[in-house]
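Next up, some structures in C-alpha cells.
You will see two complexes here that share chain A, one where it goes with chain B and one where it goes with chain C.
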Partner chain A sequence: MKIALAGNPNSGKTTLFNAITGRVEHVGNWPGVTVEKKEGDIKQSLNPKKENLIVVDLPGAYSMSPYTSEESITKDFVLTEKPDAIINIVDATNLSRSLFFTTQLLELGIPVVVALNKSDLTEEKGIAIDIPALSDALHCPVIQTVAAKSANNGLPELINAVITVVRSGKKQVALNIGGVRNASTKEQFEKADKKRFAVVNTIVAEVERRKVSSEKQTLQDKVDRIVAHKWLGIPIFALIIWLVFSISQTWVGPWFADTFVGWIDLLYESVAALLGEEVNPVLGALLLDGIIGGVGAVIGFLPLIMVLFFCLALLEDCGYMARVAMVMDRFFKKVGLSGRSIIPMIIGTGCSIPGVMATRTIKNERQRRTTAMLAPFMPCGAKLPIIALFAGVFFSDNSWVGTSMYFLGIVVILLGALIIRQITGDFSRSYFIMELPEYRIPSVKRAAISMLMRAKAFIIKAGTIILVSNAVVQMLQTFDWQLQVVAETAPETSILATIASPLALLFIPLGFGMWQFAAAAVTGFIAKENVVGTLAVCFGITNFIDTEELALVGGAADVSSVMGIGAVAALSYLVFNLFTPPCFAAIGAMNSELESKKWLAAAIAFQLSMGYVLAFLVYQIGTLATTGSFGAGFLGGLIAVAVIAGTIGYLMRKGSKKEQSLPEIGVVKA
Partner chain B sequence: MMALSKGKINTPYTVNCINTSQEDLREFLFTLGCYPGEKVTIISKLASNYIINIKDARYSIDEDLANAIMV
Partner chain C sequence: MNTVNIVVAIVLAAIIGLAVLKIVRDKKRGVKCSGCPHSCTCSVKDSCD
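Entry: the complex of A and B
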C-alpha cells in the first residue's frame, strides 16, 4: 500500500513523515525545506499487522490547478505512481487557506484522509473546530494529529483510518464545485477556482469558531518587529550567530572534545603498544601517524561540530530563520536576488549539498543558478574543523573568527551576486513573498536527533574518504619517486612534496607557499575535513587538541611554530580554504542544479578566483598593517589578481551592454 | 483605489485587483486567498518589508508586491 503525504508548505509533512517512518529527514519550521519526494516504510509500532505500507513525502504546495505555475510534483506523482491513499496534512490553525488544496486532492479519485496537524495550537489560539462536521463536509475521515509530539499524537489513529478507507475499496467522493469537471480553458478554471474558494469559505464558517480574529496583533508580531527591525535586525542576527559559535567553540565544545580526544590518545597508545618495537617502521607510521593521527585530528573536532549542529537545529526549529530571510531580502534585492536565496544558504551552513539542492524552488533561472553557485561560500560543517584549528592556534580560540567567517561568507555572496548579475546582463527583479511560520519553543529532542545524524555521517566520512586520503597522503609523504623511504632530513624529496611544491609557488603571494599547505588545500577538494587531517600528517602533529589544558588547541605556540606561518598568513589560508570551490560532492550537486556545463565551469573558476583574491588581500593588507611593508610575492600576486579582476570587469561590461529587454518580474515562492 | 503600501497598519482592506503583468504572481496570490473581494491586513511595516495577514496566515512581502496589491 502506497500512501502519499501532501499539504501546504510548513504544515508539518516531513515532521509527520519522520514520526510515522522513524526516519530523520531534515525538517525546519519554515516553508520550503523539502524539495524532493522521499519514501519510507511505516514503522512497526504503528503497523502491528506488518502490512506493506510505504509513505511518500511530497514537497509542499498551495494548489494544483492546471494553469497555475505552482510546481505540481503532487499531481505528477499521483498520476504516474497511483498511490492507494493520500494523507492531506492540514494546518489546524489555517483551515481557510489549506482546504483549497484539500478540495483539489478530493477530485483525484484516490481515498483522502485529512490529518489536522498542529492541533495542540488551536486551543491557545482560541480556535474550536467541529471535527465530525468537517469530516462530513469533506466526505473523508479527519484525524487530529500533533506530529511534533512523541506520544498521544493521533498518529496510530491516522494510520488506522488510512488502512480502513483503502480496505473499504470506496472511491473518493469529490465536493460539488460547479464547473470544475467541464473546465478546459484557463478562464473556466479560474472561475471554478473562485467557486472552490467560496465552498471552502462556507465549510470553514460552519466548522470553525475563532475567539480571536487572526488579524489581531499578537506577541509574535511584537517579536517580529524587533528581530526584523530595520536597524536591529542585522545586529541581532550577528549576535545569535556569535552565540552559536561561542557555545560550540569556546564554551561547551572544548569540554566534550577534551574527553573525546582522551580516547583517541588512548587508542594511539594501545595500538603503538600492540605493534611493539619490531614492526616495520613504514607500516607503523602509516597506521599511527597516517590513519590514527590524521583521522584522529579530524575526529577530535566532532564534538564541536555536534554542538554547532545542535544549536543550528534549535534555531531552525524555532521559526527565527524565516525572519532572517525577511531581514536579508533588502540586501539581496540590491544585488538581484531576494530573501528566498537566503534559505539555501542557511541550509548550506550545515552542508553545501542540501543547500545547493534547496535552490530548486527558485523560479528565476539566473537567481537560481547564482544562488547554487554562491551557497557553498557559507562555512559548512566540514569547514568548521579548519576554522576551529586556526582560531585555536593563532587567535586563542576566539569565537569572532567563526562569526566573521560566517558574515564574510554573506558579504562574498552579495558581491558575487552583483558580479554575476552584471555578467549575465539580467536585471530582472523578483517579488518576494514568504509565509511567516509561528515561533515555537524548539524541541531539544529533534535537535539532538539531527545532531546525532550529522555525527553519524561525519564518522562514516572520517572512516572512509578521510581515512583513505590520509593513508594516501602518508604514503606519498613517506616515499620518493624511486619508492625509497624518504630520509628524515630531506622531507622535500617525497612524492607528495615534489607534486605539491610547484603549486605552492602560486601560494607565495598568499603567505603560505609551502608544499604542506598546498597539499592540504588540494586534499580539501575531496572533503574539506581533509585540510586538517593532511596538515596533521604533513607536520607530524598527532593531536591538535590538548587533553591537559582543557583548551581546544593545546600547545598553540608549538603548533604555530611547527607550521612556520604567522597569524596573518594563517587567516589568509583559512579564507582561501573557505572561499575556494567546495568538495567534489558539492560540486556534483552544483552540476545537477546548474544544468549547464558552461555555468559549472564559470562557477568553479569564479570560486577559485574568489578564494585567491580574498586570501591575497588578507595576507598583503594584513602584512602591510602589521609590519609596514607588503608580504612576499606581492608583485606576482598583484599581477594574478589584476588579471582576474580585469577578466571579471571585461565580462561585466560585456554583459551590461547586452540587449536590454523589458525587466521581467518573476515571483519567488516559498 | 490605492496600493496596499499606502495603507495603514491594523486596518482590514479589501483587495481590488493585483496590478502586475505577471500572470503567475496573480495566480500564486490567488492560491493564498489574496484576490479581489478578499481581506488583507497590514500587521507591521519593517524597513522595506511588510508583514501582512491573508486569511489566517502571516506573510512577509516586499515593497514591490505591496505596490502591486491594489485595495
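Entry: the complex of A and C
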C-alpha cells in the first residue's frame, strides 16, 4: 500500500514522515526544506500486522496548479503514480490557508485522510476546531496529530484510519464547488479559485472558533518588528552569525577539540612507538604523516564543526532563518534575485550540494541558474576547517574571520548576481512571498540529530576520500619521477612539487606562490577539507590544535613560520579557497540544476575568476597597507585581473545591448 | 623485508583498500561523495534507493 504525504509547505510533512517511518530526514521550521520525494516503510510499532505500507514524503505545495518545480513533483506523483491513499497534512493553526489544497486533493478520486497537525498549538492560540464537523464537511476522516511529539501524537489513529479507508474500497467524494474541474483557461482557473476559496471560507466559518483577533499584535509580531526590521535586521543577523562562530570556534568548540585532538595525538604517538626504528621510512611516513597525520589534521576540527552545525540547526528550528530570507529580499531584489534565492544559500552553509539542489524551488530560469552558480560562495561545512585553521594560526580574534567570510560570501553573491543579470540581459523581476513560520523553542533533540548526521558524513568522508587523497599526496611527495625517494633537503624534486610548481607561478601575485599551497588548492577540488589535510602532509604538521594551551590552533608562530607566509597572504589563500569553484560533487549538483553545459562552464570560469581577483585584491591591498608597497608579482597579477575584468565588462555591455533590443522591459516571469 | 615492514604494508593496504572499496561501492550506488547524506539526490536521474 503506497501512501502519499501531501500538504502545504512547513505544515510538518517531513516531521510526520520521520515519526511514522523512524527515518531522520532533514526538517526545518521554514517552507521549502523538502525539494525531492522521499520513501520509507512505516515502522513496526505503527504497523503491528506487518503490512506492506510505504510512505512517500512529497515537497510542500499550496495548490495542484504547478508554480514551482517542487510543486510539480507533488502533482506528477499524485497524478501518475496513483497512491492508494493520501495523508493530507493540514496545519491546524492555519485552517483557512491549508484547506484550499485539500479541496483539490479530494477531487483526485484517491482516498484522503486529513492529519490535523500541530494540534497542540490550537489550544495555546485559543483556536477550537470541531473535528466531526470538519470531517463531515470534507467527506473524509480527520485525525488530530502532533508529529513532533513522541507519545500521544495521534499517529497510530492516523495509520489505522488510512488502512480503514483503503480497505473500504470507497471512492473519495469531492466537494461540490461548481464546475471548477473543467477549467482550462486562465480566467476560468481564476474564477474556479475564487469559488474554491469561498467554499473553504464557509467550511472554516462553520468548524473553527478563534478567540484571538487577527488584528491584535502578538509577541511574535513584536519580535518580527525588530529582527525583520528594514535596517536593524542586518546588524542583528551579523551579531547572531558572530555569536555562532564565537561559540563554535572560540568558546565551546576548542574545549571539545582539545580532548579529541588529545586522542589523535595519543594514537599517533602509540603507533610511532609501536613501529620503532625498524620500520621502512617510506612506509612509516605514509602511515604516520600521510594517514594518521593528514586525516587527523582534518578530523581535529570535527568538534568545532559539530558545534557550528548544532547552533545553525537551532537557528533553523526556531524559525529565525525565514526572517533572514525576508530581510535579505530587499538587497537580492536589487540585483535581479529575490529572497527565495537566500534559502538555497542558507542551506548551503551546511553543504553546497543541498544548497544547489534547493534552487529548483525558483521558477524563473535565469534566477534559478544564477542562484545555483552563486550558492557555493557561502562557506560550507567542508570549508570550515580551512577558516578555522587560518583564523587560528594568523588571527587571534578568529570568530571575526569566520563571520567576515560569511558576509563577504553574501557581498560576492550580490555582486555576482548583478554581473550575471547584466551579462544575460534578462532584467525580469519576481516577487517573493513567503509564509513566516511561527517562532518556537528549538528542539535540542532535532538539532543534535542534525549535528550527528553531519558529523557522521564528515567522518565517513575523512575515512574515505580524504584518507585516500592524503595517501596519494604523501606518496607523490615522497618519490621523484625516477621513483627514487626524495632527499629531505630537496623536496622540490618530488613528483608533487614538479606538478604543482608551474601552477604556483600563477599564485605569486596572490602571495602564496609555493608548490605546497598550489597542491593543497588542487586537492581541495576533490573535497575542500583536503586543503587542510594536504597542507598538514606537505608541511609535516601532524595537527593544528594545541592540546596543552586549549587554543584552537596552538603554536601559531611555529605553524606560520613552517608555512612561510604572513597574515595577509594567509587571508588571501583563505579567500582563494572559499571563492573558487566548490568540490567536484557540488559541481556535479550544479551541472544537474543548471541543465546547460554552457552555463556550467561559465559558472566554473566565473568562480575561478572571482577567487583569483578577490585573493589578488586582498594580498596586494593588504601588503600595500602593511608594508607601504605592493607585493610580489603585482604587475603580472594586474594584467590577469585586467583581462578578467575586461572580459566581464565586454560581456556585460553585450548583455545590456541585448536587453535594450527587447520590446518590453521588466516582464514579471515568476 | 623485516616483519614490522610486512605488517605495516598489510595494514596500509587494508586501510587504503577499504577506503577505496567504500568509494567504489558508493559510486556504484549512485553516491557521488562518500558520506554525504544528500549525494543520492544531487543528480536528478540517479538514486541510491
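By our rule, the second predicted complex is superposed on the first by the 633 of 670 C-alpha atoms of A that agree within 3 Å, B and C clash if a C-alpha of one lies under 4 Å from a C-alpha of the other, contacts with A are read in each partner's own complex, and residues count from 1 in each chain.
In this section, a residue touches a chain if its C-beta (ideal position, glycine included) is under 8 Å from a C-beta of that chain, and two chains touch if they have at least 3 such contacts.
Being a predicted model, the structure only gives us computed values, none of them experimental.
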* Asked: Is A:Gly233 in contact with chain B, with chain C, with both, or with neither (first, second, both, neither)?
  -> first
* Asked: Thinking of the overlay built on chain A, is A:Phe432 touched by chain B (first), by chain C (second), by both, or by neither?
  -> first
* **Which partner reaches more residues of chain A (counting touched residues only), chain B or chain C** => B
* To do: Applying the touch criterion given at the start, work out whether A:Lys456 contacts chain B, chain C, both or neither, answering first, second, both or neither.
  => second
* Asked: Of the partners chain B and chain C, which touch A:Pro83 in the superposed model: first, second, both, neither?
  -> neither
* Asked: Can A:Thr93 be said to touch chain B (first), chain C (second), both, or neither?
  -> first
* **chain C-contacting residues of chain A that also contact chain B** => none
* Over in the complex, which chain A residues touch chain B? Could you list them? => 62-63, 65, 67-70, 93-97, 100-101, 190, 193-194, 197, 214-215, 217, 220-221, 224-225, 228-230, 233, 322-323, 325-327, 329-330, 333, 338-339, 363, 429, 431-436, 665-667, 669
* Asked: Which residues, counting only chain C, touch chain A once they are in their complex?
  -> 1-2, 4-5, 8-9, 11-12, 15-16, 19-20, 22-23, 26, 32-39, 41-44, 49
* Structure fact -> As the complex stands, chain A meets chain C at residues 26, 36, 39, 275-276, 278-280, 283-284, 286-287, 291, 351, 353-354, 356-357, 453-454, 456-461, 463-465, 467-468, 471, 527, 583-585, 588-589, 592
* Enumerate the contact residues on chain B facing chain A in the complex. => 10, 12, 20-22, 24-25, 27-33, 35, 39, 41, 43-44, 46-49, 51, 53-62, 64-65, 68
